[in-house]
């Protein structure tokens, strides 16, 4: 990973679903090298930056999807097109697409879903057959499902209240897929734990942690793994299934 | 004084002279009742408000003139037309125009000049003969002089380096006026002191102090006067010559 | 309908919001802006035996988290407070008020408290022990448990009204100071007072405040207040008035979870004159968001679980 | 041309800027971004005798003036620092580095210092006495002059390199602690370390940090740092490394006027990875604006006049 501090300009900031927004930015995206990496946004009036996963990117363009959680993400909803943002880009290791095999299974919950979109796009481009299990609390919170389908991925929706797709958790969706070759996942920790238990192949898991710096300097985001202590921000956020210590 | 919190919108923010800007705002100005009052501006990213004198106002319009001094006033220069500002209006006692007599002398130094403009306008409207002595460091810092002339006031300029008008201080300018009936002044404290000594009539002096609140609640801006302790923000900023204790 | 009522040392309050001493004067400036009877109560300007002008100006400076003040307890003295301020206050405020008392000797505290004890309008006596003890080498009464206990004892002897000792964050062990006050009969403690800090004027190359140092307050002090309220809650069983950097209804909930029964709001009033009104108006919606029906039920809530 | 050089305990530095311990790792992350040889020096991550994972997460919270951290001294232990980190550092940093040492007993401090004393790359030993003394009931070594003196004495016995005692703002009298260190042979003091604070998660109704409390740092602590540096400057004649909330070149001048010889920059590095580079680049212009030709001439300047 090579960190780059850059100024990106907002071109779009629109609601996609209940409390979920898509932020499109233009500028230098050259430091972004793999799906599953993240950027760290400076918001005016807040001391710490806010880490948000890269949903998709191309040369000069970046898409993020964020959920309103606290004061910072609330303030983000007010950023009009034209707003300039100070962003650290190229953070984190990201997913390794070379590990996918022929039929990768992507499992995402809530705002764990966005990084899987950029991943799916690259896997599809490599001719892989992609199945995505996307978990939401309820129908009104669904986003990105159509975009996954447009890529050509098979999409299985699970909602906790049954208001769309399967009633249940992403693990219920996973049960419907028998022949996947590898697993990529991102979502809240309880979900990751359940996916870990249900997972029948090897795989990569993307974690969240509160961060001081986001580029490996402060040890704010450490976790223990079978291969030693790691920093979620720099040695992660993606860990191999085999190294995870719950 | 009746304090009013209101939202004003920037319509103009332009440089007038070296480091001096004019800020025009529109919105509810109903709490402003006398020249020499001030407003207190909330700036994003700063905890304390910034007190700035009312230079001129009318129903729905307000003009301020400010000098870049520190980080707050520096940030103010970036406020584009359309910016909304949270402002406390109607602060301070202001000058009493009824005391002027037929030939009031107005003496201002630097950013002490703006409140005298609104005063001059009202005195001229009452048919008074107004003379204004305006002091600056150098010619490049001169502002408002033409506007005073346009009102019909006699203007005497003094510059510390002699690059325009009289070479010297405002007191040198005062020496050229013999028949004034009353004095109104505003400027840095050393200037006020010198004006006090030179002044041959009664008069009103406007003071500056670092403020916590600007509306009388914190005792941050107290001074001693012959009539007891006063708060510059609420019982001032204008004091009678007779009550001043240096 | 959520319930915002709390009981502070036996006196019920409509809500826990108390504008903090020194930031609300004697209430008039705010009474011109809104009906201050909507407040839980308020703590009036720190009152001493003699009238005081306080420190020379500049008395105010700024920092990234709020302001520094070195007002130096300007007040008209207890007799003028009783003769002039309280009768004026009666016109606009009809609830028991919190009297804030400062002193520079144990005897002064007792004398001022005794006088204010006799005032019917006064509900609580908040005794600010952050002042330097002129007979104790200039260290603050609140700096160590022993001198805090002495003040408490002396004040306890002259009043049956609830006494609330106001603690300083400079204490090496603020929980121990609180405990010492409780042991001598304090009905409550309030914390935190301001934290001494300093700014320097780069142009003059001299301390910016005429008094050299000033007390830091505002949102930059909030986590310090939360920590200290949390620690004091574990040490005493008398109620705590929590304050230090509160600006929103969420902050109120956070300090109450740490252990506060009522909440002081200081610096916020100075830059947002409607701050307390806004907090009180927002409180019910914020309570609903976090599933709180009765405010009292969350006091100290962060200690369990 | 202005002169930004300062001399810290006999070692000349190109400028006074020292990234503070715990915010700059062992330098590599920043060496990828800019040439860290432009720094005065830097203080590496607090090192203990044994490897430490530190506290459970979450370790980071935010407040209006900066962040709270409860990293809990995660480090690979002194032996790994010597075997792995220092040789790696040698590739990218060619100046004497400041070693930051933590411990939980006087013996541990001495042992770690002795090992680091033998490392040629190490210029100064910065001894962090904000840690709890496991043999002293858990109070921090830096909380009182006596235990601070003990650590100083033990460390002094094992090294001739300059030792700089790093003080905690929780000390009841930080000037007295500094004096005690000086009396036992400290070559300098550095201050302030973080101030314990706390945030509570309103949803979970529990302390937000797994460790309950965390250290406050960032611009919200700056006036506290200025005040303490000012006070310590009046008490000792050894040099002071001032830190706490520095984010700009103006802040550097302000802390030096208060009495600092060199300046630590912590939290700012985390949110602005180029913070120290920017400060160093801006310093000459800011010096010119305030008429400063030699930085050393302003050290303690706010005390005279």
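So that you can tell them apart, the chains are marked A, B, C and D in the order they are listed, and the count of residues begins at 1 in each.
The rule is short, and it goes like this: a residue touches a chain if its C-beta (ideal position, glycine included) is under 8 Å from a C-beta of that chain, and two chains touch if they have at least 3 such contacts.
Quick caveat: nothing in here was measured; it's all calculated off a predicted structure.
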Chain by chain, through touching neighbours only, how many steps does the shortest route from chain B to chain D take?
2
Measure off the straight-line distance from the CA centroid of chain A to the CA centroid of chain C, and report it in whole Å.
46
For chain A and chain B, what's the span in angstrom between their mean Cα positions?
56
Distance-wise, how many Å sit between the C-alpha centres of chain B and chain C, to the nearest whole number?
36
Taking each chain's centre as the mean position of its Cα atoms, how many Å separate chain C from chain D?
34
Numbers and ranges of chain A residues touching at least 2 other chains:
none
Which residues belonging to chain C are in contact with no fewer than two other chains?
61, 63-66, 218-219
Using the definition of touching given at the top, classify the network of chains in this structure as line, ring, star, complete or other.
ring
For this entry, which pairs of chains touch?
A-B, A-D, B-C, C-D
Partner chain B, residues of chain A touching it in the complex:
44-45
Using the touch definition up top, name the residues of chain C that touch chain D in the complex.
61, 63-66, 68, 143, 170-172, 195-200, 202-207, 212-214, 216, 218-224, 226-227, 230, 245, 250, 253-254, 257-258, 290, 298, 301-302, 305
Chain A-touching residues of chain D, taken from the complex the two chains share
22-25, 29-30, 32-33, 45, 53-54, 57-67, 69, 71, 74, 218-219, 267, 269-271, 273-274
Over in the complex, which chain B residues touch chain C? Could you list them?
2-3, 5, 42, 46-49, 88, 209-213, 215-224, 229, 234
